[in-house]
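Below is one structure, written out as structure tokens, with a few remarks after it.
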Amino acid sequence: MISGYLITILITLVIYAILAHSLNIITGRAGQISLGHAAFFGIGAYTAAMFYTKAGFPFWLDILLAGLVAGIVGAILGIPCLRVRDDFLAITTMGINFVIEAVFLYIPFFGGAMGIGGISLPNWFGREMTKPEYFILILVVFVLLLLLDRKLERSWIGLAWASIREDEQAAATIGVDVVRFKVLAFILGSAMAGLAGGFYAHFLTFIMPQNFGFGQSIVILCMTVFGGIGTRWGPILGAIILGVLPEVSRPIMEYRTLIYGVLLLAMMRFQPGGLLGPESVLPQVFRRVVYRSSVRSGS
Amino acid sequence: MILLEVTDLSKEFDGLRALDRVSFSAEGGEILGVIGPNGAGKTTLFNLISCLYPATGGEINFHGKSILRLKPHQISRLGIGRTFQMVRPFSNLDVETNVLVASGHPFYPSLWKSAGPFHRPAILEEVQILIARTGLQPYAKQLAKNIPLGIKKRLEIARALALKPRLLLLDEPSAGLRFEESAQLMELIRQVRDQGIGVILIEHNMQVIMSLCRRIVVLDHGSKIAEGSPEEIRSNPQVVQAYLGKEA
Amino acid sequence: MLWQQLANGIAIGSVYALISLGLTMVYGILRILHVAHAGIYALGAYVGWFSFRLIGEFWLSLFIGMAGSAIAGYLVERFLYTPLLHLPRIAPLIVSIGLFISLEEAFRIVAGPHTLTYNATVGLGDLSIGSFRLTETQILILLVTLVLLIGLWILLTRTRTGLAMRACAQDAETTSSFGVNVGAVIAINFLIGSAMAGAAGVLIGVYDNQVWPTMGSIPAYKALAIVVLGGLGNIPGTVLASIIVGLAETFFIGFLTIPFPRDAVAFIAMILVLMFKPYGLLGKA
């Protein structure tokens, strides 16, 4: 029998994995720095929460709205922001995060500092979903998102993103409308984060503005970067390591933030590609271990 | 057949006149040289034609239509390709993929079409043909950042050719190349011209310019000081003065 | 009443200038957003507080705080930024964020999560003219800031080193071809910028009589907004923007008592200016 605690961790993991994956599209694939990604996580969570508690919409509808609204806001904010140089973008996205968190905190319509409560797991077949069932649901969604990522990577959009990431001006001289593709990445990433927010709201059953501030943006960035920015499995690995570790070990929980900081620092300083990146130490260590063990077994 | 017509083109940066009322035209199937001492405004000229920044005066017409207010990606879609003085390949992509990205130019205007897979036999074949024509085959699978400079330059040309351009702007393609590499490059440029593509060539290497170009435009301090055949330019006292004056 | 708010605003703006200048100088020369700079600022406060506890003399503790920050800033440049200059700029940015987080946590772990009191007296006394009043610490702030800013201005406009610094900010490659030791210029930028941030840390610590681990959080993004507002890399622009934000905060919140988070003023101002001047007040493309 799967313990309730384990399921909680697994669900949290998938939500973080979706988040890290969504940031990966913006920052890893299209190469745009976003330091305020948690804002869209929050927009999705609040959209789902508000429509569920105030308008009585069913889960299936408010989840879709969560992604949609986050994507639309991403479009509105992205279009002016993505015209500017990447340094400006970093600061602007920080500002967006800050302003949106302030909106949730100070405007009473959104519940203020107390947030929104009374959200529940979705209903189906005439009863409330169990946690394991919810886990399967969001896992399925996550797999679909991974498939989408795969399709995009193999499409012209993926190539356009790669060229923008490498050299924007050169990309423009070979026919790539740089702003349009950047905005596309931003909208997709934001919508996905919004979706994750909706899942989060229904799982946690209450949400507060503090969950969606700059600190959270940094946690997401950490996961994406640590595992390997731009790779498909890197962000997931990052989510697992950075998301699970503190839950599992009490002392680590205490120093969690410090560890995040140091890991981020060390990883970017010595291995900017992340654990699964191209020049990573990990595959080499892996190869050496496998080689040594196969030699030992005489194969 | 006149492809490009530049009339009284000017560019000012913060009070500095980088280009001052320059006029000339370029034709298909012809190699036009642009020479001049350092700082004469040659690369600025290219940047204006490919619309990397706006001009402060004058006109540029391509096939009779003005291209002044377009964006860089629109310029390339019209059929103008370019290379850069400091090579700018997509470093972390391999040579094949570099060319492949440019081959997607018919799809990029439409988001729907762009969502389709790039793995199409027809396109991949085109890429292979282009790679063969530019002699990049041995390096096809290598990352652009790992190949020698001469090959990088050829890659940039191959990438520009993937646009199926009518006009090709080459910015100092032979800079930093050894003698044999230069000769190979010249041959490639001749082949491009023979296909009917117009070429505008910025070069410092006089041997390359004199042997390749039918006409040459000379810039100095942002102004055009001479235009003519290689013989005319070689014996033009103003041109000699401009170069000598710089050395002194 | 108006004069009072003016004085308050300028005092706050001056401290913002001290912090933001380091940020803009680093950006000007390395094109890196030195988020960890706010950690250097807080470090100055802690080092200053610590030395004040040991020595009991204010001016010395101010100097030691500035020195501590300067050294820390230099180490960051030498071991964390310069080795990463060949990578896309997201790499040093993330390193900076990681460092900032680590610093704040280090303060919490080493010095404790509680607020420390930095009650130094300088013996200047308050200044009162009718209902207009400048507290001792405000006078201190204005004085120290003025001295430091004038010193910086003299350095930049009247010395060879300053000329080299300005040239490097414009075009490092060409400047090095003139024989200027760009590495040394970079180090000087960091030393001076960090020292000023350290001074700001001590000044704020004394002004609020508080030193706490996350005191750098708000300056972290506020300084960024100010620097963008003034024009990334533009020194006069940064000073101008700092004063404007200081005045705006004081007027809109203190005076007009609009129920709006005070710290959002910097960002609102930044966004408003960016709409009309995309490179900031005095910035250029």
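A few comments on the model shown:
For clarity, chains are labelled A, B and C in written order, and residue numbers in each chain start from 1.
Here is the rule we go by: a residue touches a chain if its C-beta (ideal position, glycine included) is under 8 Å from a C-beta of that chain, and two chains touch if they have at least 3 such contacts.
Note that the structure is predicted; figures quoted are calculated from it, not measured.
Taken as a contact graph, the chains are arranged in an open line, each linked only to its neighbours along the path. Averaging C-alpha coordinates per chain and comparing to chain C, the farthest chain turns out to be B. Centrality annotation: A (chain centre taken as mean Cα position, compared with the mean over all protein Cα atoms). A straight line joining the Cα centres of chain B and chain C is 46 Å long. A straight line joining the Cα centres of chain A and chain C is 32 Å long. The mean-CA centres of chain A and chain B are about 42 angstrom from one another, to the nearest whole unit. Within chain C, no positions touching two or more other chains are listed. The touching residues of chain C, counted against chain A in their complex, run 27, 31, 33, 80, 83-84, 87-95, 97-106, 109, 221, 224-225, 228, 232, 259-261, 264, 267, 270-271, 274, 278. Contact residues of chain A toward chain B in the complex are 151-152, 154-160, 162-163, 166-167, 169-178, 180, 184, 278.
Every residue of chain B that touches chain A in the complex is listed here, in rising order: 50, 52, 71-73, 75-77, 81-82, 84, 88-93, 97, 100-102, 104-105, 107-109, 111, 113-119, 159-160, 162-163. For chain A in complex with chain C, the touching residues are 27, 31, 33, 35, 84, 86-88, 90-91, 94-95, 98-99, 102, 106, 214, 218, 221, 225, 255, 257-258, 260-269, 272.
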